[in-house]
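Take a look at these structures.
Across the two complexes that follow, chain A remains constant while its partner is chain B and subsequently chain C.
== the complex of A and B ==
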């Protein structure tokens, strides 16, 4: 049998999909994603993350940043390492799963971004409830999603890869509807 | 109705799935009235009710929620893990 090499590929072609009302929908490049699940005691994982990647263990709803790396709180007992390949020490402190091509990642950025997302998602998106830097697991047009606020007008949305086209469709439709109202 | 998840904060009902009344599981495995009650019989309270809710599209935690079925007022919520509160 010939040797097969499987290569992770982005779920969607990378780049800007739509720009309307100064707000753009952009498919972000695929990055290395690793789910970290430490089990009942997250202490050893917190130590290993700090020692190996210079990252703290994020509190619920928070993101930790280091140079070239991020760690998202990703649900109860779940964390997502974004960017680097996991250091070998992490495997001793948590169960690791490579999820790089399992998620489609889209950036929604511009003055209408918050209004667009508010049409699709039940999160309280006001800055006092969901500040830049915050992250949440939530629902977006009936899809399980991860939403991270990258700035006052920027949101990074992740859904399962199988729903990538649906996500783009929903975002595009909502952006067209918000832009048509001409209030932005 | 909105539920407060101890991890995520106050969230919309759409993110949650109802997982049934929170009941004390009978001791032992011998069939008897206590098991019959536990499996088949449910109260239908007009008032305070203790229930399990899964934060399915949120953080995936199961919550133990106390709420008033007449007003939808949520009186308390805690992680079911570790016995709730």
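== the complex of A and C ==
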């Protein structure tokens, strides 16, 4: 038998899936995701993140940005480093867990995006409650999800990899229903 | 008939529609009710029980009579209120509860024997024989009584659910609601204004009064235009707020597509909203109540305010000669508007002796209507005046018995309404509902100016409570004459006087209830079914309570009213369950090997939300058993591959990780060496087994726990609880890595050779012993190899990041096939584990203990753990508990179905003598007979005994031998090879 060669595969084919009412559902490429759990004292992690990645430690519900890197608040005592491989110094300040393969990421962007999400998710999506740069762990169509507002009408939605197709199905169905309201 | 001028209908847009197959025409802006009325129809339905002809009674969502079936085929929608259904071109409606036709209904015979069919009749009459109730009486009664029927077909329409958030929710867009929205909107807070009508305006739309010097509907339109210009105000028309729930959450039903002739496919018919608001103003207005008198259900008897709506808003008159009857000034307004519209008014009857009028019509102060006649349409109205009986020729009677505030929503969280003598009705409890402020008619402010002002004031109060400044808001000039009413519920007399039109409940029924000692309102309601129809007694509740009070010698305040519960209007289950059809029912969790398994024709079986392959059929295999037997033999003789990624995987790190595992597991893990794996048993606090699985030690402070597929979420929640609540002092960090890894079992005597080939290294027991693990790499991809076995064979589980899952599975299967093996599915996996007596949730079903499972020695005595105290309770350690055993057939019958019960030979197979039950069963191709696991009283002490298995459901009786719960390789030599 020839040597075993592994082929990497995203949970979903990458790219734009649907565009309706000027709003698109787009499967985003897989990025490096590392869960950071600092334990009782997050101070050393805050310092290490700034020193190694130029990132602040996000407050609950917030996202910190740097060039090519992001850090999401990801639940109690949990942060998600998105983009780079974690610098070696981080391991001393937090436990690190690779989650790159655990999540599927979809972008929902356009004038109907907020209305579409409002059909699937109980979050208060008003700008004053969930401004660009805000993030939340929430329920989305019975799935545990992470929702991050990327702009005035853009939302990045993450669900567990195994549920990626359900996410697409739900987003598509909600977008079709919202778009249909504009047709009558 | 249609009036020649006026109304808010668009006469340039005629619409054709059909009712009971007959073509009619109406206008854009009509409801089905107003269009039927314009076409001269008097009878639009038959009553629930007596099948009496019924006409349109109201002009709103309180309608008890005019219920129709809309549409046809699978789209047929029963019990649609004609008063709420907007007319559209091509609309098709049918009357209901009649056969063969509306004019000639066979079941009208019920009305002739009405004396026998009063409240409680069925319960008293159809008692014997007992078995007949369910099989004969009830179906027949239900056929005769009832409303429209469902199509019986799957709902082809789309529905929707959605969430909305705001600072102030304004419920109702009449004068109070519009003012509340203006006040709050100008303060800059987020406002949602809901109204169930297609056009905001409420009572203003039917009013001929002036507001702020302009016609009331024009003022409403202007107010709406101002609100629409505010970006912080969202107006939701066709939306009825149906319920109030905890935390400022309101349910609302939006009719999205029900008014359209052509609906784009994905457009929902309804949307069920959950609106979260910091404050809400209840401006739902008030409902007019009728007066009960003999035959007051005849077609043509209507609510007085409804008549104004039909005349003023829809420009239709329900009759050519109208009589108006009331006990308050509203009746006068109706008479005035009728005259202004050119409709003949036969008389105005006011129950108040002191009443006067300037109107040019026959006026009867201090008189009451005692009865009407006209089976298929009103003919005469009889009055009882101080001079004696007077009979008027009239084809329509407008009745106003006063107004009841629409306070229903204030009761949904148990607010109790308060009786108010001044309006002879109930008012919302002052602080009945946290965050919900009643205003306008709903708060008893009936005159228009009062309603406007109270709406403004309610919003101002909400703004203050939310900490916002209250900008000045001018209240427009409007009608402000105070409301005066003389309570009048029922005009005594002969015959039947109706209270609840929808459920055919009369004054006599309520009195019967009282005389049979159903004196509480709640008992009377259930005895008579008053208020239990789709309209929830909106026009009848208070009158029924008043009649009950009268019959029991109490006033209405003492009698009280029944509890209003959500929903305020009927909500289709399809709307509440929107999105739950087909794929929307639940998320589907797919493994990385899903596509590949489908390509191999594997049927999928649901395991929780996961989809897992049952078996992988090969050419020539006709039944699942053939495939399953082959797959079992494959694993026993060569090598099989199974996707086990669905098992829960929890990464546990931190200084106290070892101590934490000792705490959550019954056995010890702090002593586990790095590079080793141990089987763990997890108990609930009550001492019963919660889950089992293996945990590997990855580093000094690093463990990887696996859980069963079924309990992955439950265990994660349990661990979080233990870490956050029970031992917050410990440094433990938990995260699920289930989805990060694709993991495959490689099981069978050739598994080592296969993996040595794949990994290019030696995997002898000196390198990787049984219950050990090691990091591995394939190319530059890092993974983990565990030597664990759920089949009893030499076996491994190989884990790689999920992105490589499909690729790895495909190649492992190919290599296994080259060795005479291949992929195996859940069926074979189950047979393999039953042969070995390994457990799943069939055995760990929540009522079994470690002792029952023969695993009591795993409960460490050297440390404390969750469930320790619970498990040591004497009852949980009793020898005669039902305990795990193996079973094999010893007679002619070889079947041992799971779920069957066990009995001693010679005992009767009844519950009292049951000795235990079967949990898992399989045909073992390895042994050539059925093997089963089950629980048997004192089981381990009865090895070798015979026991009789009886499956009452399938009718199977099997003689079994009790044996050890492990049928193969009891010494465990194979996995250690």
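Note that in this section the second predicted complex is superposed on the first by the 173 of 184 C-alpha atoms of A that agree within 3 Å, B and C clash if a C-alpha of one lies under 4 Å from a C-alpha of the other, contacts with A are read in each partner's own complex, and residues count from 1 in each chain.
Throughout what follows, a residue touches a chain if its C-beta (ideal position, glycine included) is under 8 Å from a C-beta of that chain, and two chains touch if they have at least 3 such contacts.
Note that the coordinates shown come from a computational prediction; the quantities given were computed from them, not determined experimentally.
Participant: Looking at A:136 after the superposition, I want to know if it touches chain B, chain C, both of them or none. Which is it: first, second, both, neither?
Facilitator: first
Participant: On the A-aligned overlay, A:124 touches which partner chain: chain B = first, chain C = second, or both, or neither?
Facilitator: both
Participant: After lining up the shared chain so the two structures overlap, which partner does A:176 touch, if you call chain B first and chain C second: first, second, both or neither?
Facilitator: Once the two structures are laid over each other on A, A:176 reaches chain C alone.
Participant: Which partner does A:52 contact after superposing on A: first (chain B), second (chain C), both, neither?
Facilitator: In the superposition, A:52 touches no partner, neither chain B nor chain C.
Participant: Tell me which partner A:18 touches in the superposition: chain B (first), chain C (second), both or neither.
Facilitator: The answer is neither, since A:18 touches no partner chain.
Participant: Could you say whether A:161 touches chain B, chain C, both of them, or neither, answering first, second, both or neither?
Facilitator: In the superposed model, A:161 contacts chain C only, not chain B.
Participant: So, A:9: does it touch chain B (first), chain C (second), both, or neither?
Facilitator: second
Participant: Tell me which partner A:61 touches in the superposition: chain B (first), chain C (second), both or neither.
Facilitator: The first partner, chain B, only.
Participant: Can you tell me whether chain B or chain C touches more residues on chain A?
Facilitator: C
Participant: Determine, under the contact definition given at the top, whether A:150 touches first (chain B), second (chain C), both, or neither.
Facilitator: neither
Participant: Which parts of chain A are touched by chain B and by chain C alike?
Facilitator: The overlap between the chain B and chain C interfaces on chain A comprises residues 76, 78, 122-124, 129.
Participant: Mind pulling up the chain B residues that touch chain A in the complex?
Facilitator: Counting only chain B, the residues touching chain A are 7-12, 14-15, 56-61, 79.
Participant: Taking the touch rule as given, give the residues of chain A at its contact with chain C in the complex, in rising order.
Facilitator: 1, 3-11, 30, 35, 37, 39-40, 76-78, 95, 97-103, 115, 118-119, 121-126, 129, 141-143, 160-163, 165-166, 169-170, 173, 176-177, 179-181, 183-184
Participant: Applying the document's contact rule, which stretches of chain A touch chain B when the two form their complex?
Facilitator: Where chain A meets chain B, its residues are 60-61, 75-76, 78, 122-124, 129, 136-139, 144-145.
Participant: Provide the residue numbers of chain C that touch chain A in the complex, in ascending order.
Facilitator: Where chain C meets chain A, its residues are 158, 160-165, 190, 256-257, 260, 263-268, 274, 276, 579, 583-584, 586-592, 609-610, 651, 653-655, 702, 724, 731, 733, 735-741, 757-758, 760, 778-779, 781, 800-808, 811, 815, 818.
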